[in-house]
Structures are given as C-alpha cells and as structure tokens.
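Both complexes below contain subunit A, partnered by subunit B and then by subunit C.
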Partner chain A sequence: MLEASHISVNYGPIKAVRDVSIDVGRGDVVALLGPNGAGKSSLLSSLVGLVPKNRGTVVFDNEEVSRASTEDLIRRGMSVTPEGRRIFGDLTVGENLRLGAAIRSDKDGIAEDTEKFLDLFPILRKRFNSAARYLSGGEQQMLAISRSLMSRPKLLMLDEPSLGLAPRIVDQIFEFLVTLRQWGLTLLIVEQNASEVLEIADRAYVLSTGSIVFSGTANELSNSGGVMELYLGLEGH
Partner chain B sequence: MTVKSSVLLGSAALGLLIALIGFSALLFAEPYHQRIVFIFMVNLIIVLGLQVFMGNCDITHFGHIGFMGIAAYAVAVLATPIAIKKTALATAPFGLSGIELPLFFAVPGAIAITLIVAFFVGLVMVRQTGVPATIATLAFLVVVHVVLLNWVDLTRGPRAFYGIPIKASLSTATAIAVVGVLIARMFRDSRWGVQLRASSEDAAAAAAVGVRMQRLRFAAWMLSALFLSVAGVLFALFVGTISPKSFYFELTFLTLAMLIIGGMHSVTGAVVGAIVVALGLEVTRFVENGPDIAGFELPQMFGLTGFYLGAVIVFGMAFRSEGIVGPQEIEEWWGSRQQGKQSDAGSSEAPNP
Partner chain C sequence: MDYFLQQALNALSLGGEYALLALGLAIVFSVMGLVNFAHGELITVGGYAMFLAVLIFGVKDPLLILPVGVLAAIFFAVLLERVAFRPVRAAPPTTGMLMAFGISIILQNSALIFVGTRPKAVPTAEWLMLDVNIGSLRMPVVQLLEAGVTIGAITLLVVFMRNTTIGIAMRAAAKDFSTVRLMGIRADRVVRTAFAISGLLAGLAAVFIMARRGAVDPFMGFTPVLKAFVAAVVGGFGSLPGAVIGGFALGIAEVTLQATLPSSVAGFRDAFIFSAIAVLLLFRPQGILGERPDFGEKT
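Now for the complex of A and B:
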C-alpha cells in the first residue's frame, strides 16, 4: 500500500533521515521503533508532506505521490495523528472532529462518522460543545485519533500514541488500534514504547540516528535480543 | 444543524441591541447626537471587519484603515459632481474630473477598487506570520496615507476633499451594521472560520489535517477589506468632506482599542468593545470641556480623551487580557458556565494521566 524508497530528510546541516526505505502492505500493522531523536517523526512527517524530502520516492496505492501536498495525500487516503496529540484546545470537541473532515464536503457522511466516534467514546459526546482542553490526556488522545479518522483514511499513521499516558490508558488506546485493524485499516505506528506495540504489530522497523538498523517481523524483533537491548532498552527473549 | 441556530440566536441578540441604539437615536436624538451615533455605526463596522481578520487569524492588523481611506477617496472621486470638480479637482488624471457617476455605480465601483488593492496586497500578506505580518500591515497603512497625501491631482493632497454628495443616513448605517454582525458570525462559525482558528492555534496540527492556512487567511483578509470599504464609503457619503488624516493613526488606534477591549476572539467582543469605548469617549469628551455639574464648574482638561483611550487599553490588558467578553459568543455565556463547573468536577476526579 505504501512503498517509500531512499527517503532523506535534512534540516539544514542536520541529516535527520538517511536513505530510509520502508514498505507497508495493505491491512498490515507496522511499527517504526527507535530511541529519541532517531528520525522516526521526521520520516513520518515527510511521508505525509508536512516536511520536505531531500531525496526519495513515495508510492501510495500504486501511484507516485513523492511531491503531493498534505491535503492531496489525505484525499488519497493517508492520515496522521501527530505526536503529543495536538488537539485544538480552544475549539470545542465537535469542532475538532469537524476539522478532521476538512477535506470532505459530504455533510451526511460527516454527520454519520461523527456519530460513530461519539458512540465509541461517550465522553466525547458529553463534552461535544465544550473546549477540548478540558479533556484528560487519554480523552484527548481518543479525540486526536478520532479526528484523524474523520477523513476516512485507508492508512493511518500514529506518532507516539502512548506518549505521556498512564499504562491503563495506553492499554485502552492499543485496544482501539486493534479494533481499527479489524475495520480493515492499515496502520503505521511510531513508538518508543516497543513492548506494547510489538504485541499488535505484524512487522517492525528500527531506526537509529536516521538509518534503519533492523527490519523484519515483530516476532523476529522480539527474539533478537541484541537489537532490543541496544536500541530499544528492552531485554529480548 | 444546531450550529446554525446558535449563530442566528447570537447574531439576533447583538443585532437587536444595535438596532435599538440606532432607532432610539433616530426617534429621540437631536441631529448632533444622531451624528455621533452614525459615526459609532461606522466604527462598529470597522471593528467587525477587524475582528474577521484579527480574531480568526490571530494577527494584529494595523492596515485596516488604509482600505477605508481608499474606498472613501474612490467614492469621492467617482461621485462628486462635475461642477465641484471643475474648481476642486480640475487636473485629475484619467479624465476623472469630467466624470460623475450616480451612486448606483460609484459605490460598487469604490468597493471593487478597494478589493482589487486588497487582493494584491493580500497575496503578499498571507505569506507572513506573527510580527512581520503585523509590521507589513502597518507599512500598508503608511503607504496608503503617503499616496493620499501626495497624489494631489487625484486627492487634493492634504487639503480637504469637499463636495461629496451627502446620501448616507443613520438608518442605512444601522442596517449595514446589523447585517455585518450576522456575516462576521457566520464566517467565524463556518467551516473556513473553524479551520482558520484551528490553524492560528496550532499551525502544524492544522496542516496535518489538510487545512490550507494561507488560502483561508486570504479569504479572511478579503472579507475584512470588504467591511472596511463599506465603512469608508458610508463615512464619505455622510460627512461629505474628507482628508487623509481622517484615515490614519487616530482612527486605527481607536478601532483597535475597541476590538481589544471587547475581546478580539468573538464578534460579541467586537460589539461590546465598540459600545463601551464609544460611551466612555463621549463622557470624557463632555468632561474635557469643563462643564457645569450641579453648580460646580469643572476645569477644562484638553487631552483627556486621548488619556482615556490609553488608560482603558493599559488597564484592560493588565486585568482582562482576553477583553471584557473573552473568546465566547453571547449565546455561549450560559452554556459555558455550566461546562466550566462540569470540567472542574471532571478534572478533580480524573487528573490528566
């Protein structure tokens, strides 16, 4: 579904991503792991056109989209839940959801999808007309993910969905991600929290200082003690 | 949809207040006071236009009065009778001294000219954010002023441009102000308005959902210029005599103060700010002239109005930086109080994990 080849991203003299290629198949859940500053977020941002690529090509749904704008990519079925949730705190919960559908104009469909997420997360219905900043961290993450689903994506990319959340809430988030997979969505999940994401991922890439140091199935990664210990700070099996 | 009806409800409440001010002046006030209320309506339209841009984009706009000046001079040049132009504007370029358009054409013409200027300035403006954008709007105001002051053949330069047909009435201005409130509210709560407010809160997050900030900013910029051009035309057609200094710093700061005092993030704030500052201004103007109050003769205090404006801004910013009204619209006041309580309870039960 998504084939990114030889992607490089530079910020001035700093090479954040160096010649990285990743491949995400339809219906897969792919984890992108690595320590802080490895270039995971930069890679993700470049894939959705938020950060310019210095080199590399991106093919999405068999079409080349290397130079496409974010708006165009969302229209084609990509969506991203940014790091740190980034909900609009001054706007209401309802307005936040409506923003996720910024590229859509089918009123009935938008209303239908809004209802769907309000049913899934009753707290969002309760707070529909109040400023989103009053939500707790976990609720904000639910809102952020719902918002990025309002564009009806085929591929959802999540940047650190567990960041700053209590373990109990993280479990809920990952349960929801499993539900999304059952809905038929393809997921690309950037995480530092490797153990949790490897439970739901099919395949994984490990990034370190801008380059890929491991790629393989989630099982292979869990069993390769060296990589786990060296880059992810976890003990392998 | 519920959004729509709340916008109508809020606009109706504000519109009623404005109509009440306008019509009580029409019915009961003397011409001198009617004139003050007319100028208030023009200022209100300016403040609404300012709110459309500043409130939704979060960029301080110093250039708005420039658009008003362009529109006022444009309608003056197009509509002033040829007989007057023969003495006052004999050397106008493009054969304009021999042209006298009926208002039916002159008014849309003046608005169109202003919007064309706004279009080209806007193309450059929307690429900048923050302080550079603000400085650019200020530069625009100065450029317009310098042109009005020095293109003597077209504008009579620093001398007054007189003989503009006096056709605007208080009832027209009141009606336009009421419609202006509705338009500003509809824009704020429209899809574009919501996207724009989102992008001014967090540009990166808005980009991630596919919001095209520059394009929306441009729309707000143009709508704001439309408000200002209408204000300029109304003003010129009411006072009949204009000069470049009518459209410079004094009016810029007065209207900015109105918006900021009321609360720039809501249309309700714009209306409340315009009313409060205008009322205060009339009171200080009265005191300034040293009136007799119950047998005591107060001393004359020239400059009191300027002091008042400055003091109001300083105290407003110090004690209520979001303005009198804050970011909420009139119909949200009741509901938000409820939510405030709810969220207090909610946060004590479940602090952010």
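Now for the complex of A and C:
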C-alpha cells in the first residue's frame, strides 16, 4: 500500500528525518513509535506532501507519488488525523464532517457515512449543529478521526491519537482503531505511548533523532527490552 | 421625518459601499493573511471597463454596461491573484503587502500614461439618476438600488459561506489552512474564490461609485478603499461580520455628522470620526468583532 524509501526532511540546518524507509502493506496496522522530537510528525507530513522531502521516494497504491501535492494524495486515498486533532473549532460538527468528504460527490454515500459516524459517536449527533470547539478533547479526537474517514481513505495515518487524553478515553480511541482494523483499513499509527498501540499493531518502527532504530513485528518489539527501555521509556516484557 | 428618512437612506447607501469594500478586504485577509492594498484598483479597473463599454456599446444599453464593470473587477481580481500574489504566497505577509503596493502604483501610473490624467466621463443610464416618489418622499433610484444590492450581496455571501463546501472551506482556512488542504481541498481554489468574491464586491461598489461620480480617473479607488480599510479595522480586521458592521457604522457616522454639525466645523467631520475611532481602538484594539490577538510580546 505504502512504500517510502530513503526519506529525508530538513528544516534549514535541522535534519528532522534521515534516510528513513518504511513499508505498510494492504490491511496492515503499523505503529511508528519514538520519543518527542524524533521526527515522527515530520515524516508523516512529508508523506502527505505538507512539508517537502529533501530526498526519497514514495510509492502509494502501486503508483509513484513522490512529488504529488497534498490535495492529490488525499484524492488518491491517503488521509491524516493530524497531531493535536486540528478540528475546525469555529465550524459545526456537521461542517467538519462535510469538509472531510470534500473530495467526494456521491451525496447518498456521504449521508450514509455521516450517519455511520453519528451512530458510532452519539455525542457528535447531539452536537451536530454546534461549534466543534465546545467538544471535549476526547470528543474532538472522535470527530477528527471520523472527519479523516469521511474521504473513504485506503490508508489512514494517525498522529498521536492518544495525546493529552485521559486513560479511559485513550482506551475508547484504541477500541475504535480496532474496529477500523476489522473494517479492513490500512493504518499507520504514530505514538509515543507504545504499550497500547503495540496491542493492536502487526508491525512497528521506532524512530529516534530522525533515524529508524528498530523495525520488526509488534511482538518482537514488545520482547526486546533494550529498545523499549532505551527509546520508549518502558520496561520490556 | 422625511428629512430623517432621506438621511437614513444616505447612510445606508454610503455604509453599504464601505461594507462591500471592507468585506472584500476582509475575505482576502482572512484566507491569505494579505492586506490587499491594490483593492482600490479593482474599482478603478471596473470604472475604466465601463468607460470602454460605453465607447463600444453606447449609452443606450446600461444593462450591458453595469455588468461589464462587475465582470471586469472579478476578472481582474482573479488575474492579480494568479500572476502577482500566488508566486509570493509562501513568502512572509509583508512581501505580499509590498507586492500589492507595487501593483497599485503600476496600475495608477499605467492609467495616467495610457488614458490620461483627466477624468473620463461615463454617462449613466438616465433611469438610474431619477428620483422615485414613495408617499411624500422623493428617493434617488441609485441610492435605493445601492442599499438593496448591498443587502442582497451580503445575504448571498452569508448563504454561500454557510452552505457550499468551498464557502465552509474558506471559513476553515481563515484559521487553519494546512488542515483544509488535508481534506483534499485545493489551496489554489480557496484563494481564487476569495479573490473572485472580493472582485465581485468591489465591482458592485464600482458601479455605484461610477453612477454617483459620472467619471473615472486613475485614483478613484483610493479614498473609498481607505475608508473601507478603516471600516474593516473598526469592525475587527479579518472578521466578515465585523467588516459589514464597520462599514455601516462608518457610513452612518459620516452622514450623521454631515447632517448635524454646524457649518463652521463641518469641515472637521473626518477629524471627529477618526478621533472617535482612535478612542474605540484604545479600548478595543482588536476592533468590534475581532478576536483579541496576543499583543503580549510588544508590550
């Protein structure tokens, strides 16, 4: 589904991502882990064309898209739930969902999908016509994920979906990600919080100061105490 | 009573003109962060297009001439965005502002060189210059139309911004452009639409300014847009409802002072108005509806 090879991202003199290659197969759930400042968000932004790559190639759905614009990549079936949710606070919940479906023109399908998410998250139905900024953090995250699914993506990339949320809400979010996995979606989940995501991921990469320091199955990572402790601040099993 | 109603219509039509122009400035600023100092040139271009249309079609066909002014302003706004502002979109906002200044000066001087300094008369359709009697009131058609068109245009704009995907995207882009792009919405399309709307609103204003002045000259856009800029700041720069409120507030203030100041001090009308604005901004630096920006780092 997604093969990114030798990606580098520089901000002036800062080398945020150095020669990173990752591979996400169709239907896979892949975790991208690493401490704050490791370059996870920069990698994601470069994959979706929001920040320029200094080097590297991206193949998405068997097509070379290294130079494609963000708008193009979304139309081809990528979608991102950005770090910090980035819901449109002045817009209503309904308008947020509508913008998520901006690339589609099948009115009936859009209405059907909207209903689907309103059924999954009744609070979104209740607040459908009020400004999204009044939702709680967890509700905003549900809205942000729903919004990024409204384009019917083939690949959904989530940037720290658990960031700043209470443990109970984090559990809910991960339950929802398991549902998405059951729907057959391909997921690339960026997290600092390794333990929850490793329970649902097939494979994992660990990024540190811009470079991949580990890649393997989620099980291998859970059992490799050294990596867990060194980069993720967790005791290995 | 009649005198009051006539003054009220004056205020409404003048305020409407400021509101249309202030809205155009605000819509481009909210989406692009660009203060378009070349906005006045859209009016001038509309005026000259009408002048040309009169040469070509003759005066007999005002219904052909009015849309020419509006269409020219829209076309020109979109053209400016494409050739002048898009290349510097990624640059700091001051670059765009300088670009706008430059364009404004180039256009004014081109008009001076190629058309001449003297105002060119553009005869208006006769029916626009008539008065209509409503009961005991005599109201100028042009002012009634201007008030009506302004209210109609603002209503349409509200409907557009609330009910179309691109309108909703423009509201979202005012706060977070890159997330709008993550929705797959093309940045170029959002920006182009903002400019087209600013051109449409400036074109409508141009038609009425021309009807009142009867002539076009290279600098005719300057004063109305300066006033519109003031109106937009008063309303809260970048806020669309603020631009409308600011525009009407300024129009009402000007007409009220004009009508009530004794003739000995009437010449100081603008001084009174700007003093009042200065006081308002002391208490509400962000304008009436603007969001309070973080002034912390400068104080």
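Here, the second predicted complex is superposed on the first by the 237 of 237 C-alpha atoms of A that agree within 3 Å, B and C clash if a C-alpha of one lies under 4 Å from a C-alpha of the other, contacts with A are read in each partner's own complex, and residues count from 1 in each chain.
The definition used in the following text is that a residue touches a chain if its C-beta (ideal position, glycine included) is under 8 Å from a C-beta of that chain, and two chains touch if they have at least 3 such contacts.
Quantities reported herein were computed from a predicted structural model and do not represent experimental measurements.
Following the overlay on subunit A, a clash is recorded for the pair subunit B and subunit C.
In the superposed model, A:Ile169 makes contact with subunit B only, not with subunit C. Once chain A of one complex is fitted onto chain A of the other, the partner contacts of A:Glu112 are absent, as it touches neither subunit B nor subunit C. When the two complexes are overlaid on their common chain A, residue A:Val48 makes contact with subunit B and with subunit C alike. In the superposed pair of complexes, A:Leu91 makes contact with subunit B and with subunit C alike. More residues of subunit A are in touch with B than with the other of subunit B and subunit C. Of the two partner chains placed by superposition, subunit B and subunit C are both touched by A:Ser151. Once chain A of one complex is fitted onto chain A of the other, the partner contacts of A:Glu64 are absent, as it touches neither subunit B nor subunit C.
Once the two complexes are overlaid on the shared chain, A:Glu220 sits clear of subunit B and of subunit C alike. Under the contact criterion defined above, the residues of subunit A that touch both subunit B in one complex and subunit C in the other are 48, 50, 70-71, 74-75, 80, 82, 86, 88-91, 95, 98-100, 102-103, 147-148, 151.
Taken in their complex, subunit B has these residues touching subunit A: 191, 194-195, 197-198, 201-202, 204-212, 327, 335-336, 339, 342-343, 346-347, 350-353. Listing the residues of subunit C that touch subunit A in their complex gives 165, 168-169, 171-172, 174-176, 178-187. Residues 48, 50, 70-71, 74-75, 80, 82, 86-91, 95-96, 98-100, 102-103, 127, 129-131, 134, 136-138, 147-148, 151, 165-166, 168-169 of subunit A touch subunit B in their complex. The touching residues of subunit A, counted against subunit C in their complex, run 48, 50, 70-71, 74-75, 79-80, 82, 86, 88-91, 95, 98-100, 102-103, 147-148, 151.
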